[in-house]
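Read through the structures below before going on.
Two complexes are shown next, each including subunit A; its partner changes from subunit B in the first to subunit C in the second.
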Partner chain A sequence: MEVWVSQVFNGLSVSSILLLIALGLAITFGLMRVINMAHGEFIMIGAYGAYMTQQIFKSYLPKSLFDAYFPVAIVISFVIAFAIGYLLEVTLIRFLYGRPLDSLLATWGVGLMLQQLARSIFGAPNVAVASPSWLDGGLTLFSGTVLPYKRLFIIALVASCLFAMYLYIYRSNAGRRMRAVMQNRDMAACLGISTRRVDAFTFAIGSGIAGIAGCALTLIGPIGPSIGTYYIVDAFMVVVLGGVGKLVGTVAGALGIGVFNTLFEWWTDASLGKVLVFLCIVAFLQWKPMGMFAVRTRSLD
Partner chain B sequence: MLSVHQLEAGYGESVILRDVSLTVEPGQVVCLMGRNGVGKTTLIKSIMGLLRARKGSVFFKGKDVTKRAPGERAKSGIGYVPQGREIFSQLSVYENLRIGLEANPDSTKRRSKVIPPEAIEKFPILPTFYKRRGGDLSGGQQQQLAFARALISDPELLVLDEPTEGIQPSIVDDIQDVIRSIHDEGKTAILLVEQSLDFVRSVGDRFYIMEKGSIVWQGGREDLDDPAVMKHLTI
Partner chain C sequence: MKKGNWLKGLVLAMTASLVLAGCGGKNNNEASSSASSSAPTSSEASSSAPASSAAAAGGDTVKVGILHSLSGTMSISEVTVKNSELMAIKEINAKGGVLGKQIEAVVEDGASDWPTFAEKARKLLTEDKVATVFGGWTSSSRKAMLPVFEELNGLLWYPVQYEGLESSPNIFYTGATTNQQIIPSVDFLLEKGKKKVFLLGSDYVFPRTANKIIKAQLAAKGGETVAEEYTPLGHTDYTTIIAKIKEAKPDVVYNTLNGDSNVAFFKQLKDAGITSADLMTISVSVAEEEVKGIGPEYLTGHLVAWDYYQTTDTPENKVFVENFKKEYGADSVTSDPMEAGYVAVYLWAAAAEKAGSFEVDKVKAAAKGIEFNAPEGKVTIDGDNQHIYKTVRIGEIKADGQIVELWNSGGPVKPDPYLKTYDWAKGLSDK
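Presenting the complex of A and B:
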């Protein structure tokens, strides 16, 4: 019983991290169809955003305030990644819509440049970000089963990001404009929507959410300039498995991969577990190439 | 109100429109006719700004809009019902109409969560569909939605590209009635691409016929008996 509880919690925890790194990609790739290979670097930008916030708090503010740095870091990571995402869209991505191969190569190049930039500024070795003390320890369910606060915090953070994204995309005026543009750019333009502004903001928001993911990753381990490359494959896998263009699909994709990964690792071992997960994904996509939640309408039938 | 001067436009390398000029006066219904593939939709797309003009110019309400983005043209008062309806299939009917409101010059209407009732009075069936996705409606219902979505912005010029194409006869009648009533109210000018000669004869004020990317004939309602009209329109 206890083993099951802790395995399910582990599965949820892995899922929450997968979901966090995939959420931004669900926007830039899922909605905008930009094969954004620089997504991992926006995660890296967010992580260094958290690192910088920590350094500033350490150097300039009284020690008693140090624990407050993390909420501030989340906001700062988002803002920095948002701004760089906006800049990238305006200067590069907007010329590459509808050209998947070009955007793949170009964003990969941008990713390499951003990695090198991080290496030049912060140095090649990994740096550690000290977690705030209120995230140390864990919730003891029963003896032997402890749920670490950090993991619980990440799950809560993902849930809030998801909720905020849901409100923005499906309940706000800006989100409605965004969905209209992503579905039918020409028609949305002919109805008075400034598609340029919507594109730039949408890409920036996707990048900003990747920044939040990077900030959260500092709780799990040290960060380095190439941290993004560890996560980019997983992020694409989650979005493609879930079904491109559907937020609920990304959630399902992350949950599926996270839970099965944990279970397979428990029943076999780490590497075999990963292989089994990949096999399942390949088999699933053979059966349903559009992913778990395909966009279906009368007009597409 | 709308005047197109010696427009040249096309896709990629190919030139589709050559030296096209056309005017629409306030309150008029101007009909654009011609066989399939002569460039009617290309002309409409250049007027909306979806295609860039190579030469020539488009003036709307006295302003040169040749270089303006489609969104700006829509906001300055052009409503557009495209060929094939182009409903946002993943958005609900209500959301489609809210998108239509984006170009309305009245900012209180733009922000309001309520669809202005006078905007959809011509399509009393639409409110029963509000929660359904646009893509789940039938072709005729989608056409009514596309019409309402264009009218809701209170346009001064309505551009209609084959609004009765591929639609069941009873809804064709409804749509023709709507076009007639807009004409009778006299507030909105209409540029209408239409194949049915009988219908345009009953509603049009001015007629243009295209062939191979150029205007080959133009005239008023009394000129329609000209044998040249039949020559350009029969297959």
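Presenting the complex of A and C:
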């Protein structure tokens, strides 16, 4: 019983992390159709954003304020990743719309460059980020079953990111323009929308959300130049399984992969569990090639 | 039509990312994965390259190669080893060099890519005509270089602890083999009454080989393997593994995880409310440099097994640490593989002095029995297998990130890469 409770929670927790790393990609890849191999590096940028924020708090601010660094780090990570994403879109990505293979290779190259850049700036070894003390420990349900606060925090963070994205995409004017451009660029342009600006902004938002993911991941994982490579496969999996272009699909994809991964890993081992998950995904995509939630629109493709 | 492209792109993307992820995992810190690197030396010694010796020894300098990954995922670990090797060369040069010649280091980047290691090894041997090469970290890099070194009769000094069961005539191993790290640490655990052992490792050759040895040892000595789990390289979510550990209720977790996975594992272990007081872990791939990257607060009280710590109390180590900090910054740390790289340079220099030559075959012959007062204490080259005698040390990680020795073997242990002296290990080495 205890095991089931903790495994269900673990499944949710893994899902929330998958969703967090896939949300940004759901925009840059899902909506904009850029096969963004540099997505993992935006996660890395966010992680280093958290590291830098922490160093600044350590060096310049009184110790009592240290625990406040984390919320600030989330904002700073978003801003840095947003800015770099914007720059990347303006200088490179905008020449690659509608050319998936080129965008794949170009963004991969960008990813490698960003990794090496991080190595030059921060050094090759991992850096340590101390998590704020208010996230230490966990909620004890009954003896032996602890729900770590960090995991709960990440679930809450994902929920708020999701909610904010929902408001932005489906309930704001900017979001309506974004959807219009993604669905029918020519028509949107005819109606007076600056598609260039919308593109750049959309890509930057996707990158910024990857930055938030990177910041949150410092709580539970390593922070080094190559961490992006650990997450990129999972991120693509989630978006593809859920159905490219649908936010709700991304949520469902993350839940499915997270829960099944945890279950399979429990029954077998980590390597085999991953293989089984991949097999299930392949089988599912045979049955539904467009993913769980296909976008039905005449303008696509 | 667009759709077709799309799918193609996607497939490509996934493949590419898998490849990336695979490489990423390997990195890290641990050397263990395999330590086999073969070093090439170009020296002349080989019959196939007779002319090269003269070139290597010619002039007032002698060239040596340093071949580590300075970029890519392995650079995390290998850059520090390159630094300590360069420091050793600088020290030797300040004292007048070897055989009256200044050592000139030719530094090449293996780029965490195994074919690149082979290519650069060949370049060092044939173009630069170096007298010896110091380098490698993973087994994969060693295996890639090995044919090159054997073909050109080169000499490689491999500075990382590894899974044993190897002894190439062209390689000197200055890191620990299993009977200088893993086996004594298991004995230590059994002595402390930690009989139920949970084996956790990354899924590749080093942890699997190491665990095979540990299981045989536990079975022979009254211990018990309660579970054996492997995670893919670069795995970042350990909640399920931790749940399994809780279920199995072991006395100790024997950790052979590699690299970044260690960070995720220890952070999540602490989040699950498990400290070293509740559950002891012992790691063979976590040294001072990794402790810095994980954060000492997650590791306090956990055990590690190596042959050298920054805190090791010898006069040579005081000088070594002091010089290293002077050279590379006050917050830099020294670790076992770095020390092994440093020792390798000194051992090679001593062997060349004794041989009166830089020729590979002469240096190899002279190397037998050479002693050196290393930062870890006295080390001796074993003529039988080209490994070195080393003192084994079990340490505990402290809150300041330093490792304090709890136990040592009392003196250097004879290397036994094929575990011939252990009855229970029969059958492990013949594959």
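We take it that the second predicted complex is superposed on the first by the 296 of 301 C-alpha atoms of A that agree within 3 Å, B and C clash if a C-alpha of one lies under 4 Å from a C-alpha of the other, contacts with A are read in each partner's own complex, and residues count from 1 in each chain.
Assume a residue touches a chain if its C-beta (ideal position, glycine included) is under 8 Å from a C-beta of that chain, and two chains touch if they have at least 3 such contacts.
Computed from a predicted model, the values in this text were never measured in an experiment.
Undergrad: Mind working out whether A:8 is in touch with subunit B, subunit C, both or neither, as first, second, both or neither?
TA: A:8 contacts neither subunit B nor subunit C.
Undergrad: In the overlay, answer first, second, both or neither for which of subunit B and subunit C A:219 touches.
TA: The second partner, subunit C, only.
Undergrad: Does the superposition put A:164 against subunit B (first), subunit C (second), both, or neither?
TA: Neither partner.
Undergrad: Look at the residues of subunit A and decide whether subunit B or subunit C touches more of them.
TA: When the residues of subunit A touched by each partner are counted, C comes out ahead.
Undergrad: List the residues of subunit A that touch subunit B in one complex and subunit C in the other.
TA: Overlap of subunit B and subunit C footprints on subunit A: empty.
Undergrad: Tell me, which parts of subunit A touch subunit C in their complex?
TA: Answer in residue numbers: 3, 6-7, 10, 13-14, 17, 33, 35, 37, 40, 98, 100-101, 103-104, 108, 116, 119, 123-130, 137-138, 140, 144, 146, 148-151, 217, 219-224, 226-227, 229-233, 236-237, 240, 262, 265-266, 269-271, 273-274, 301.
Undergrad: Going by the contact rule at the top, pick out the subunit B residues touching subunit A in the complex.
TA: Counting only subunit B, the residues touching subunit A are 48-50, 69-71, 73-75, 80, 82, 86, 88-91, 95, 98-100, 102-103, 111, 133, 135-137, 149-150, 153.
Undergrad: Note which residues of subunit A are touching subunit B in the complex, please.
TA: Residue positions touching the partner: 173, 176-177, 179-180, 183-184, 186-196, 295, 297-300.
Undergrad: Write out the stretch or stretches of subunit C touching subunit A in their complex.
TA: Residues in contact with subunit A: 2-3, 5-6, 8-10, 12-14, 16-18, 20-21, 23-25, 27, 71-73, 75-77, 79-80, 203, 229-232, 234-237, 239-241, 243-244, 246-247, 260, 262-264, 267-268, 271-273, 289-290, 292-297.
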